[in-house]
C-alpha cells in the first residue's frame, strides 16, 4: 500500500519535472497530447494520441459527467407521471435513475483514472523523447513501434483485448455490486421508479446481528460452512476421479481408447439443465430410484440399520439434509469426472516418459509410479487451476440450483431468511435477488464470501507461483 | 493367460463405469421415443414407441418450440465464442507463462481474485453495461458476454505452457525468431491437446448457459432464443405436460455437435503423444 | 368487425386521483398543474370517452408499437393473436404493430422487473405478482376507462383483487386461478369426495392415491384457514398469523394424521402428472392449468368439485382456498400509454374473455361472459368460491409455510414447530426507511 502511494507520488514528481524542464513541444503536450510526437516527427503516433485525447474528453463531458455529478446522492428527483385522461397522454418528469447514475458514474471514474495515468505516462514519454533527441539517439519510427509489439512488447499485444473484455464483463460489474452493498437497494427502492441511496455499513451490521426475527447471521454461517465443504469435496473427488479414469483409459492394455473417452464425454455434451433435471426426477421422493430401492429391499435395509425411521415411505435422496448433501456430491462426481478426465488426458499425454521408464527400471510398481511421478506432475500443472476450480465450485450455481429446486427446508430459522440447508452462497444470493429483490443483502453476502475466498486462495496461490516452482519441469 | 483375464477385467470395469455414466442419457434417449408427451417419473421405458417427437421438433415449430431457429442461434454464438475465447485464453496463458514482464505476478493475482466474485450478482450490472452499448437483445451482445471474460480461465493452459522447455524458446530466439513467431510456430503446435480442451470448453459454455442468455435476450419471440433458453422454457408448468418429450429430443440433439467436435478433435490427442516425445 | 360505440362516461372519482402518479412525493410538485387540469376536466366532465379516443387518434402519428406478453401455450398465443387483429381492425386509421411475446405467467414478474423499460407495454400476470409489480413501480394505474367500466361488468372480488392501496392497477382477465378437487367419478362417489377422511379411507381401499401439495404455502393456507385460523397482511407487508393457537395445533395434527395415510400424497406438479397418467391418482387438489391432464386421464369419469371437509377437534371443517385471478397490466413505462390502455381494455372486455374461455378453458371474470361459460372445473371453482379468499399475504409467508408443510408430512408437528413457523411468517419486514 505504502509502495503504491510512493509510486503515485513519484509519477507526479516526474510529471512536474518533465513540464519544467521540457522544451516547447513537451510543454505543448500538456494541452495537445500528440504535440511531443509531432516535434520528433512521429506523426502517426501524435495523431493517434490527440484523437484519443479528444475522444475521451468528449465522451466524459457528453455522456458521463451528468451522472458522475450525482454520484454523491445517487439522484434526488423521483419519477412522477401525469396522465391526462382527455388526451390519453402521459407526461413524465425528468427523473433520476439511481442504478444508471451509479453504473455510469463508476465507468466515468474508471475512464478518468485511466486517462490521468495515460496523461502522466504521455508527458514522461515525450520528455524522454526530448532527451533522446538531445543525446542524438535513434528515435523509433512508427514502423519500429509496430514491430516492438511483436517482440519486447508482445505481452501487451497479447493481453490488451483479453483485459478489455475482463474490465467490461468483470471489473465494472463487480465494482458496481460492491457499491450496492452500501446502499438501500431492495424491494422498496427499485429503480427506475424509485431511488436508492447510500446507507454506509448498515447492511453489514445487519448480517452479523442475530435477532429473533432476522436470521441472516444464523443462515449465513451454515450456508458458508456447507459451501466450503462442498467446494473442497467436490473438487477433490472429481479431480482424483478424473485422473484415475484418464489413467485407466490411457493404459497401454486398454483397447478402443477413443470410444471410451467419447462415451464419457457425451455426458458433457448434453446441457446440465437437461441431465440434472432428469437425475433429480430419478432421485425424487417418488422417482424411479426410490421405486426400485423399495422393490429390491434397500429401503427396508436402510430402515433396519437405522439410517431411516421406520415410518419412512421413501429414501429422501434430495429432500432431507444429510441425504441431499451426499446425493449432490455423488451427482457432482457424475457431472465433473468427464471434464477432469479430459484435462488429465491432455496432461498425461505429455508426461515425461523417461521418468516413468527410469522408475520402472528402478523396480517401482504401478502405484509407486502413480503417486511419486504422475501425481506430482499433474498436480504441478493443474495446481493453480485446482484452486480456481475450488472457487468455481464455490460459485457452482447449476448443479445445486437444478438438483434442489424442489427441496424444502424444515428449519424455520433457515426459512426465515429464505435459505435452505443445501443452498450454496450463490444460490442463496440468487433467491434473494430474483425472488425478493433484496440486492443490498445479496451484495453484502457476496462481498463477505469474496473476501473469505480471496484470503484463502491468495495464501495458497502466492506459495504456488512464488519461488522458482514455475521452472521445475522445463 | 493371466494377461487376457486382466485385460477382460479391465474392459468390463470400464464398461460398468460407462454404463453408470450413461444411465441418465439412456433414459433421455428412450423418453424421446415416448408417445406420452408429458413427464413420466415412474417408468424407465415408455409404454408406446414413436418417432413423432423428432418430427415435431424439426418440422412443426410453434410459439413455444422453434428448435431449428434455436439451433442456428446457438451455433452462431457457440462458434464465435469458441474462436474468441480460445484465442483469449491462449494469448493470456502464453503471456503469463512464457514472457516475463513488469507487473506480471500482480496481474495474475488480480485475475485470480476477480474470478471469485459470485457471477450471479454481477449479471444485472453486466446487462446494463451492455444496454449502454446498445447490445442487449442481440447475438453480438451475448458473444461479448460469454467470451469477454474468458481470459481469466488461463490457468490450466498456463500450467501446461510452463512445461515447455525454455531451451526450445532460447534456440528459436538465437535463430532470430520474434516472440510472435515463437508463439505461433512453436508453442501453440506443441500444446494441441490442451488447446483442444480449451476449444471444447469455450464452445460448451455459451452452448449450455441459460441464466445469462435469458437476461440478455429480451425478445419473447421463440425464433430469437438460444437453445438453452428455449429448452429451459419448455419446462414451465404450463408447457411441461405437452412438451417434455420434445424437450428430451432437443436435449439429445444438443449433444450432437459436441460429440462430433470431440470425435474430430480426438486425433489431436493422439498427436499430443508424439508431441510429448519430441521434447523427450 | 362493427365499430363499437361507447357511451361510458369517465369515472368521475378517477379524475381526482388520475393526475397524481404513484408515490406520495409526487403530490407536492404535481399540485399546481393538477389543480388546473382538474378544473379543465371538471367543466368537460360530460364529455364522453369517445372524444378522448378521438383525441388520441388525432394526435397519433406514425406506427404504434405495442409489445404484448402472455402465456406461451399454443392456445393462448393463438387467441391473443386473433384478439389483437380484431383490435387493430377497430381503428382502421391507425397503423399498429402489435408484437406478441411468449412468457410463462409464473415468471412474468421476474421478466418484467429485470428491466422495466425494456419489458412489454401490456402483459398478463397472476394476482399474486401484483404487489411486487406495483412496489417496483412497473404498473400503470388504471386512471380511467374508456370502453367499459369494470365495476359494472366484472365480479367485485376480481376488481378488488386488482387493486393495491386503493388504486386499480389490473384489468380483470380471468377468475379461475384458484384450486379445487379433481376426482375420478367412476371410482369415487360424491360422498367419498365430501370429506378427506372418507376420501383417504376409500383410496386406501382402492389402493389408489389422493392428495394435496401440503409442502406449499399456497395450498397449506386452505387447511388452516378452513380450520378457523387467521392469516392476514399488515400495511408494512408483514403478516399476522395465529396458526400456533390451539385450533392451529389441532388442525396441524389432524392434517398430519391424514397425511400419514399411505394413500395421501403431496406431489409437486410433475410428480402429480406422472402418477396421474399412470392411473394411480384418483383425486387431487389442483387448478385449471391441469384441466386437460385430468380430463384425459379420467375420461368419462372426469369430475371436479369443491374441496372436501376435514375434522378438527371432532368437527367437520370446510377446507378453504385461495382464489386466483389473472390481470392484464399496462407497463408504467409503456411507449404509448393511451393505446396500451385501450388494448388492455379490449383484451378484457366481455367478448374477448369469452374467446379466451373457449380457447383455454379459463373462467372469465366478466359476469356476462361467466354466465355463458360452464365446465366441471369452473362449476367446482364457483362452488368453492364461497370459501375462497383473496391472496393477500406478505413475502415472508412462503418459505416458513412450506417448511411447516414439510414438517407435517414428516410427522413432526409440535407446538414448537408451529411457534417457529409463526415466528417466521410474522417476522418484521426489513426496516422501511
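Chains: A, B and C, in written order; residue numbering restarts at 1 for each.
One rule holds for everything that comes next: contacts are C-beta pairs under 8 Å (C-beta built on N, C-alpha and C of every residue); 3 or more make two chains touch, one makes a residue touch a chain.
What you see is a predicted model; the values in this text were computed from it and never measured.
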More contacting C-beta pairs: A-B or A-C? The answer is A-B
By Cα centroid distance, the chain farthest from subunit A is C
Distance between the CA centroids of subunit A and subunit C (whole Å) is 40
Distance from the mean Cα position of subunit B to that of subunit A, given in whole angstrom = 18
In subunit A, which residues are in touch with two or more of the other chains?
-> 281, 284, 286
For subunit B, which residues are shared contacts with two or more other chains?
-> 39, 41-43, 124
When you check subunit C against every other chain, which residues touch at least two of them?
-> 270-271, 274-275
What does subunit B use to touch subunit A in their complex?
-> 3, 6-7, 10-11, 13-14, 17-18, 20-22, 24-25, 27-28, 39, 41-44, 88, 91-92, 94-95, 97, 99, 101, 104-105, 107-109, 111-126, 128-129, 132, 144-145, 147-153, 155-156, 158-160, 162-167, 178-180, 183, 193-194, 196-197, 200, 204, 207-208, 210-211, 227-228, 231-232, 235, 247-248, 251-252, 254-259, 262-263, 266, 269, 272-273, 275-277, 280
Write out the stretch or stretches of subunit A touching subunit C in their complex.
-> 78-90, 93, 184, 186-188, 190, 192-194, 199, 206, 212-214, 281, 284-286, 311, 313, 406, 408-416, 418, 434-438, 441
For the subunit C and subunit A complex, residues of the former touching the latter = 10, 14-15, 18-23, 25-26, 29-30, 33-34, 37, 40-41, 44, 47, 51-53, 55-56, 59, 110, 113, 116-117, 132, 135-138, 140-141, 143-144, 146, 215, 260, 262, 265, 267-268, 270-271, 274-275, 332-333, 337-338, 341-342, 395-396, 399-400, 402-407, 410-412, 417, 420-421, 423-424, 427-428, 430, 432-433
In the complex, go through subunit A and note every residue touching subunit B.
-> 99-100, 103-104, 107, 150-152, 154-155, 157-159, 161-163, 165-166, 168-174, 176-177, 245, 248-249, 251, 253-255, 258, 260-275, 277-279, 281-282, 284, 286-288, 291, 334, 338, 342-343, 345-347, 349-354, 380-385, 387-388, 391-392, 394-395, 397, 425-426, 429-430, 433, 439, 442-443, 446, 449-450, 453-454, 457-458, 461-462, 465, 470-471, 473-474
Which residues of subunit C touch subunit B in the complex?
-> 67, 69, 71-74, 77, 99-107, 114-115, 118-120, 269-271, 273-275, 277-278, 289-290, 292-293
